[in-house]
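Below, subunit A partners subunit B and then partners subunit C, in two separate complexes.
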Partner chain A sequence: MSSISLSFELAGCVAVILLLTGMPIAYWLAYSNWRSKFLLESIVALPLVLPPTVLGFYASLAMGPRGLLGKLWIALFGHGLAFTFGGLVLASVVYSFPFAVQPLIASFEGIDRKLLDASAVLGAGRWRTFRRVILPLSLPGVVTALVLSFAHTLGEFGVVLMVGGNLAGVTRTVSIEIYDHVEALEYGEANQLALLLLAIAFGVLCLVYAVNRRVWTPAWLRWPGK
Partner chain B sequence: MTFKRKIVHSSFTLLAISVFLFTESTSARAQEREIRVAVAADLKFAMEELAKEFESQTGTRVEVTSGSSGNFFAQIQSGAPFDLFFSADVEYPRKLEAAGLVGPGTLFEYAQGQIVIWTPADEPLDVSRRGWNALLDPRVQRIAIANPALAPYGRAAVAALQKAGIYEQVKTKLVYGENISQAAQFAQSGNAQAGIIALSLALAPGMKNGKAWEIPAGMYPPIEQAAVVLKNGKNKSTALAFMDFIKSASGRKILQKHGFAVPAEKQQSNDSTLRGSSRPRKTESKG
Partner chain C sequence: MAREVNSSSLVASIRKQRPETASFLLDVSAEAPPGITILFGPSGAGKSTLLDCVAGLARPDAGKIAIGEEVLFDSEMHVEVPPQKRRVAYVFQTLALFPHLTVEENIQYGLTDISGQDRHARIEEILEAFHIGKLRNQKPAQISGGERQRTALARSLVTEPRMLLLDEPLTGLDAELKAAIVEDLRAWNAAKRIPILYVTHSREEVDALGERVIAIDNGRVVSRGAPMEVLDAPRRKRLALAAGFENLLSGTVLDLRELDGVMRIRLGESQCEIEVPLAHASAADAVQIAIRAGDILLASERPRGLSARNILEGRMLSLEQRGAMCIARVDCGVTFVVHVTPGAVRALELAAEKRVWLVLKTHSCHLVD
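Then we have the complex of A and B:
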């Protein structure tokens, strides 16, 4: 069962990191008028189209003792980044990046510009506008970003297989354990875990679509003063 | 407008039909001259040479797919269209035989795998001199082996570590590759400072320049590897011919060259020299 809690821990870390780093990037991508921002948009979307093997391959090279990242990590902590929980978090952040950033961009762009102008006219700074106008209005997008990056990391397999090293309690996530069970022909155990993941994935997607269709809004999503 | 569209439409249909016909006829022709072989990851490089040799002898193309034996076992049970299966153990072929998926009497133990401790060339450890002690060096933080739950090579590595009496000391350093190739890749990339891998992989092009120490054959249970001709294959006579080639002197020589111990053939009396496991083999250190 520890592989499940490990997967949840990994997905939780990644989702929080992605929300914090994704928001400024999404803000900039949504509101910037820079002509060449399509370049950054393309980079953000790359993990959507690249096979995990490409990312896993470069990650294993970068994290190794001959890679830049690996060298830096060894200098700082005395050990390599591969086969560690930190290494998985880093690889997953890259891998799930578009799943956090794209819903945020979509919801930021969907806000009526007049409201932002009004907020500015009333004397609110950018930060205040973001906090009081943009964020409350794009809450469904924030939930979507959080939930999708969580779920996508939970379902990650290829990259973990390539840089994880299958360490119990450190890098053996649920998806890896399922694969191990299938290869060892323990279909019963594989089925249990697979069904659990299936149920979680379905539940999570229901949550996202329900919130976005406003079928149901959880209490904590009702912004005070609205 | 509609006329033009009709022409475009019909020419597309024609194109599709001709492509279909062309590929159908060529694939039907190719099938007679082609066999598909699933091989365990440790056999990849040896099989490439075996395939090439067989191709030049007979003109039959050999399509090689390499991966973990367990994965192939599952795929073959679900009807994967391979003509032959070269496993890294004998259990999977035996189970396939028991399930009636194998040509009767075709199971053949083609080789025994051997394992080495391998370190990258830029790793300061002198594994070829220090042997087991190299693994106890504090600079070795990670040791890559194949997953012992899935791979015969992983089980052999664990058995050898236990026999050497250092398993408990290095247990926390072990990282598992999904198959023996991945364990080798972990060590080759330097992410693991050492690996216990198949000799056949230590002799592979990308790994030759590393340092290797051959683990004495008595320290782990023999890694017996068997092959079978599959019933689901399309080309049984050629598959049998390929199996005969593996048993032949030239086939055995190639296997041996790639780090496998091959079984002595009963008919031949002067074959004791072919048994690689009885004599220590010198592995190239640092090139």
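Then we have the complex of A and C:
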């Protein structure tokens, strides 16, 4: 498998997993009145400030044959987690977590609380309120979360190197291949891949900002007055 | 019949401390039989907190809330019905229409537990009753303010609630539109007969709607009864201001004339003395007098042969036209605000600096705490 399709597959898996796991956590962080929720907020934001090597280091320890996760994985699937695609997905999910959760929190918090009160007095429980009111009104946040976690995973380097190693077709992503080409002084090949990543990153950010500034709104995201 | 009506009244008796201002305590007992009960008071009095508690969006610290036989909240019995199960409809000041749903989808929102045919009939009925059938496929941002208010009322009432809470739902509408919506609401309620608790601080709305008024100030019920009784003789300063008493003057009691049923008051530090109805006070007490600007007569010559006891000489300070009404400020040692018509301004050739006389009936002067 080429490094490009591998990178896309990884980023796609991570983005989908992050959206599904990020939503309940963002919901709780946005609406809970628990006073100590700053603790969880800090944990969610940690990957923003930690060097990828720190995260990658602990992730590879945990996934190794003597780590808790590694042992669990071996017991479940009969093979180790380190230096596999699965391990890479797991570490990337942790690393990109704030990129999915923070836009979701922001858009959940941006919804007028009176709409949630109105939904409650009209008889709707939490799940119905989430499905009928919160989710449709935070679609731009959902798009941002999806796109940013996809793009951030596509561009990561340190964690992939620490956790995945550099196995062609298994864990060698585009960013690592660029590094390999540069090491080997193959600047032409490095440049092609680097330009590709640059173009994708720029396109993706344009999409996010355009949706949020409502310069352009896809039809399925559209409702009048917003 | 009387018993049946009684059985679905709201009875609430609650205490609640506001978390953000420790000094504020809501401590009220309120009753609302079927029909419209106005909750009147200055902003910050605790009106919305009371509504939130009835709806279940806020939890009282102690007390009991019941509609008819059904207890919604009882701190002693540990009963707290969640808002979803109370069947108490609530129209917020901001209306809180769902912006991504059409008028019809907004109205359908609360109708989950009834089936297709029935549901369709209910929606058609309410669209008709509130004259919004043509708007069914529009979103809230595409319709006018009055139409949004109608949609919010329809959305709440289509669920056939046990009671309706309205938190200044008609703010910002012109009088004509307001009257039309109130008429639709009245017509609807004539058939359904549920208690409606209607928060407002607009005197006009009270006069248009009022069957009963509960006046609250600073977390307490200060008076209750028919609108005329509650609002035309306010016993509290903040309530007087809210009820449209433009003149609030402090004075000192000079003497009591029990036989005449009056007492004389000196206003402020001035030489200005007026006669007001006798109240529980003694000489040298400090008192507050509330007088409506519309209850004061203005003359360009010293009037004679009047029954009114208070005739004060003064000087016009300013004159300002607001719509079909002129607001005159007159200095008689203390400043009075007087409402006159533009016609009177022309007839009396009123202008700043002109010498004028104010005429106040004794019973237009209300003592307030």
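The definition used in the following text is that the second predicted complex is superposed on the first by the 221 of 226 C-alpha atoms of A that agree within 3 Å, B and C clash if a C-alpha of one lies under 4 Å from a C-alpha of the other, contacts with A are read in each partner's own complex, and residues count from 1 in each chain.
Operating definition for what follows: a residue touches a chain if its C-beta (ideal position, glycine included) is under 8 Å from a C-beta of that chain, and two chains touch if they have at least 3 such contacts.
This one's a predicted model, so the numbers in the text were calculated from it and none came from an experiment.
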Subunit B and subunit C placed together on subunit A: clash or fit? fit
Classify the contacts of A:195 with the two partner chains as first (subunit B alone), second (subunit C alone), both, or neither.
neither
Q.
In the overlaid three-chain picture, which partner chain does A:132 touch, first (subunit B) or second (subunit C), both, or neither?
A. second
*Now for A:124: first (subunit B), second (subunit C), both, or neither, which partner does it touch?*
second
- Please indicate which partner A:114 is in contact with in the superposed arrangement: first for subunit B, second for subunit C, both, or neither. second
Message = Under the stated touch criterion, which partner chain does A:183 make contact with: subunit B (first), subunit C (second), both, or neither?
response = first
After superposing the two complexes, the shortest C-alpha distance between subunit B and subunit C, in Å, is 35
Interface residues of subunit A shared by subunit B and subunit C, listed none
Residue set of subunit A touching subunit C in the complex reads 112, 114-115, 117-125, 128, 132-133, 136-137, 223-226
Subunit A contacts subunit B in the complex at 60-61, 63-66, 70, 79-80, 82-83, 161-163, 165-167, 179-180, 182-185
Within their complex, subunit B touches subunit A through residues 68, 70-71, 73-74, 122, 141-142, 144, 147, 149-150, 175-178, 182, 185-186, 189-192
Listed in rising order, the residues of subunit C that touch subunit A in the complex are 55-57, 82-90, 92, 94, 96-100, 109-110, 112-113, 139-142, 155-156, 159
